[in-house]
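There are two complexes below, and they share chain A, which is joined by chain B in the first and by chain C in the second.
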Partner chain A sequence: MDSVRSWLRRRIDSVRSEQRLRTDGGTASDAVQSETGTGLRRYLDSDAVESAPFWLPAFLLVGLFVYGAIVWNVVISLTDYEGLGDPEYGSFDLENYRLMLQETGSYSFTNAFVNTIVLLVAFTLVCLVFGLVVAILVDRDIRFENTFRTIYLLPMSLSFVVTAKMWLWMYSSNGGFVNRALGVVGIGPVNFIRNPDPNVQLAAIVFALVWQFSGYAMVVYLAGLRAIPDEHFEAARVDGASLVKMYWRVVIPQLRTATVSASVVLMVFGLKAFDFLRALYGNDTPAVGTDILPTYMVRVAFGDASRIAYGSAVAVVLFALAFSIVLPYLYSEYRRGAL
Partner chain B sequence: MAGLSGCLSGLSSGDSGPQPLELLHAWSNGDGAAAIEALFEGFQEQHPDVELASEGISGAATQNLGSVVNERIRNDDPPSTWQNWPGAALTPYVDSDALDDITDSVWSENDMESAYREGPKEQAKGTTDHFVSVPINIHRINNLFYNKSVVEEAGVDPTSLSSPADVVAACETIATETDAVPFAQQTKGAWSTVQLWATVLLADAGHEGYRNFYEGNPDREAVASALDLVAQLSEYYPSEASTIDFTDANNMVINGDAAFIHQGDWAAGAYPDDFAYGEDWSYVPFPGSDHSYQLNMDSFPYPANNPTPEATKTFLRYCGTKDAQVRFNKAKGSIPPRGDVDPSEFPQFQQDQIEDFGNVDHQPPSIHHGLALDPEQRTNVVEAISAFIGSYNVDSAADEVVSAVQ
Partner chain C sequence: MAELELDGLTKVFVEDDGNEIVAVDDIDVTVADGEFLVLVGPSGCGKSTTLRMIAGLESITAGELRLGGRRINERKPAERNTAMVFQSYALYPHMTVKQNMSFGLEESTDMPAAEIAETVIEAAEMMGIGDLLDRKPGELSGGQQQRVALGRAIVRDPEVFLMDEPLSNLDAKLRSKMRTELQRLQDDLGVTTIYVTHDQTEAMTMGDRIAVLDDGMLQQVGTPLECYHEPANRFVADFIGEPSMNFFEVEVQGDRLLADDFAYPLSNETLSTVGDRTELTLGIRPEDIELRTEATGPHDFETVVDVVEPTGDENNLYLTFDPDASEPDTFIATTGGMNRIEAGQPLVAHVPEDAIHLFDPDTGRAVKNRSLDDAETLGRAV
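Up next, the complex of A and B:
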């Protein structure tokens, strides 16, 4: 360890001395370069190699344990590994992916896939709309603005395990808040958690997640709103735009970046709803309307039957899904020069 | 963490004498924790020389424990033994030759072979023809517990019921005569409903029909009929059934807010002292199933490549003794799998269960608790029943349940 440290110090010193040379005048250092300018030398002196001690260890560790694991997962999904033995890498095929599409029964892959998409889209859209409305309200110079902001954001700081238990109470037909509120307008009590209609089960989960994460959308939008110069508001007002028109024509179009980044983060939160469902139903088989790809994957791979290869194939689909959400975002950021 | 400690003990084993016996279990709280503690105490009294390292892996019943054990076995680093359902639940371990034959080394001692009852002995073999595990307890699944004052208020005599349809009728009476919930059931998790359906199938289709189901020759009509009875019973669940736990449902019976609860006999273990057996609560075998004692058991399998072969065998031998089974089952609220244990060692309810066990014709394995079906079939049945909860659509559920075991 000490030797590495002293070596690093020497390297840094030498870089510094080179820099000092350069500040004296470019010609001198150019001359040094051209004297020792073999290919290898130049390669060793390049920034990438010189800074390698700083980035290489982390790069290798992340490469191995994150990207290596992803690649390995894809490989396992092509085998037929299940049970307690070792995977056999002799023959690869797409059997697992074919099986996915062929699954029948209530808890099929298709069911989980459709539920996942519906959850992601519905959750993200409702969160954004709700967050935007609240952000606009909070932005209107109200009293106790900070307090309200904190109150709206607070649910996000709670763990899924806590909010799952809380929503069980909220949805209870025996004094639960939601059913009490519905009772006032003469509806219910409604059995949300095990509703005969799977869509209602999913809607109940989406509603709970929106409660937890719309605060995040609000904060992102609030920052976006604060970034819009006051002149835009004033100019719109001078032009005689109504309040609604001002927001619709002037403010919301300028929130595009905030919307994109908030929806990416929200979708990733949505993919993580696994924790919430696991805590809510207390085991690895949630109600049929709320079975999403993560819960499905864990059940097939780590459940009693240990169908590891099939679970890996589901994980690959999930990965592709997450990737297809993040990639366009990264690309658009790159295009805008923000990356 | 378990994997890490396994690595560490593996590293240090070279120089620091014999490894401790490592037992993984999910009995981290309540009656289970008391039971395993009592068992360890008895074992250490008789074998103070064996060092014991047990680790509780809790969460989601035994699901987390199962993942940990599977991972350890895949890494060729099995624990000395662990808590596992016997019977078909051992199929994956048997299929991958992960369990060793302990017929001679363990089962030949302490009269275990002759003293164990038939059902548990069968289950102890997993799916092989030799012994691979030692069952430590028996829970009965087909019980119907009831709050006496509630059923008396409604004028229902549970001992006179003789079929699941009678239970439905009794629930109807209780609903009209009292304010109490007739049938305390939780539907948040699917497990209580899987249990209930399996018991109703046993009661409705008889032992033969039940066996045909788990042996892979299901009769769709019998399956549908049992599902239909469960759907009828669901009318009498608490309104908040989908948001409560089993303990909440059980508390409704204790508090007099509910009349019946169908559960394994661990439900009785939760009844407090001032809720007395015989006076405040009682039970009957689930009406129609009094010919059978539907088994749910825990056992300790003997893994191949055992890190502590001798110590593990010593421990398993001890688990097969009367002393161990009295200690464990008294605390757990279950009954011993040995038939020669003196019942008077136990509280009255367990004495009655032991007597019942002696009188039944059949000892069929439970479906939800892993004994009857191999893990893949079991998962399919649980999923089919889980989809059934809520919609209670008998036709589509019957198709799925039937195809789950075919």
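Up next, the complex of A and C:
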């Protein structure tokens, strides 16, 4: 019995000494000591506190000027602030939001909202389709591939103001390139930018924006195409798929991720098209019916009536719109474990 | 089912600067109906290019490709009645196993959907993946993906299977299992198969015949044992067999071969095949070297063991003539795994004359191969 007990004791001792061993030979004693130190000591030594000088200033500045401003904007949208004196924070109501829904006509919120959605959807869709077609063409081992890629991507590096001014000339009914080209086939001249039909104006704007951003869609799709192994193309060929079928059934379904990320970025750009319209129409109020939410917001807030609180309410809607675009994307990325 | 003929098949790639690279140079092979031919060679030897030319994925620069006597050079890949298994399997990641396997039939035949579904299920059962039909490739293990890739080829019911290193992405255990399975499958289906690999073990164990390629040129076509025992040249001798054959550069002096460290006397019979050559390469397979404790004959050489590599069933011994050198030249001999041999131990290597190979050092061609009593049964080397 004794021998068993002593054997057990030896056994336990040897296990303990094994546990104490550090195979990497490191000195673990310091860490052990600080762990057993006071609560404050442990708090000051924590990663979050020690790294605070690096993240805290940016965190506070962003918190104040971005998220703080958003919250303040929401608060103002609940008041009747008209831009003179201090806003009155006494009585909050949803009057501004109710007004939005009531207004009708070509200068109304509803009109601007519909325009925004149409612009967003049309611009994004056309950009994606055009970008995909160009990406497929560029991907087919053409000569001067890099040159083409740069040429297609270049418009994106220009600012909205530059492209707007350029397209103003292009669209000019007084010898602009577009009208000259149309003149060759006997159409026009068409006044695109000041057309009485707001749909023509919107179409012209979408076309110009597509010109600027389809290069981006192309680059995203090109990266997606490059990520598909050559064997998939070859397997599809051996399987007997025609070129169109190969892209339709094998290649394009694999570009889902590229499509989602490109559309999110394009939609956000579409929402920000304010500068483009502003540059296109100068200081004038955009011609009848072509308001999108940002231009509408600026006009009601800083125009003749100076309805700051109402403008804030429009801004809240715009923010909600942007949020509703980005949030599902972030969530799906999170689900896929990419965040 | 049909016979596949490669008649002077050549592929020349033209680079952007006009440089021409001959990837495949004038290859003639006839693959009989139902035969399993393995194309083997080191990376860049042109074996994959050859396979891709047969599949129709690369154009043919010169020569003719015939299937069942009909020229198919110009046919599209889908019209060649071949099915290909890719190294990476090339399963479409967005489709289920069933969709992956149906795709080829949907695109290349008019088969009604119900019949396609039936064929797919049948092939899946045969490959043992019947319960995976609704999964996507990403949810399958490597071995299962491999089976799907094979199943996808089988449903097409092709005249020729083309396989491009299909086992190289599997781990060693699974690879040897799939090797057997593939062989059995090919045997059952009786479909002409061309199998590309860089692994000489796969070539030896799987093929009815193997075609050894190097630098775009066909070195030898023959049964695995032919290529092993009667290599057409030094390259084949070196490539086939693991561990590789030992080579010694020797000079012919009278009736002896003189190497740096030893002199090897030749019989009159061997001398007559050597003719008036003055320089030769002597080759001996590691397992043909017999180990003894005492040098008794003229073909016995005293050596020292430099390194021992035990593999369990046998030991690979690195023997050297000059044990004092810091990095001595060694040659390999294998011996049974139960023999206890240690580095530094002196050993006598007996190199039997009927097991030696002699090669022309300039052209590499075999001058004399080892003599085999049953050499006739190997058939004639091409």
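Convention: the second predicted complex is superposed on the first by the 291 of 339 C-alpha atoms of A that agree within 3 Å, B and C clash if a C-alpha of one lies under 4 Å from a C-alpha of the other, contacts with A are read in each partner's own complex, and residues count from 1 in each chain.
Following the convention adopted for this analysis, contacts are C-beta pairs under 8 Å (C-beta built on N, C-alpha and C of every residue); 3 or more make two chains touch, one makes a residue touch a chain.
Every value quoted in this text rests on a predicted model; they were computed, and no experiment measured them.
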Combined model on chain A where chain B meets chain C, clash or fit: fit
Partner chain in contact with A:D47 - chain B first, chain C second, else both or neither: neither
Touching partner for A:D141 - first (chain B), second (chain C), both, neither: neither
Chain C versus chain B, contacts on chain A by residue: B
Contacts of A:N174 with chain B and chain C, given as first, second, both or neither: first
Partner chain(s) touched by A:A305 [first = chain B, second = chain C, both, neither]: first
Which of chain B and chain C A:R249 touches, first, second, both or neither: second
Minimum Cα separation, chain C to chain B, after superposition on A (Å): 48
On chain A, positions contacted by chain B and by chain C: none
Chain B contact footprint on chain A (complex, rising order): 83-86, 104-107, 168-169, 171-174, 176, 189, 191-197, 201, 278, 280-285, 287-288, 299, 302-307
Residues of chain C touching chain A in the complex: 55-57, 76-79, 82-84, 86-90, 92-95, 103-104, 107-109, 156
Complex contact set, residues of chain A against chain C: 229, 231-232, 234-242, 245, 249-250, 253-254, 256
Interfacial residue positions of chain B with respect to chain A in the complex: 60-61, 63, 66-67, 70, 73-74, 89, 92-93, 95-96, 98, 187-191, 238-245, 370, 375-376, 378-380, 382-384, 386-387, 389-392, 396, 400, 403
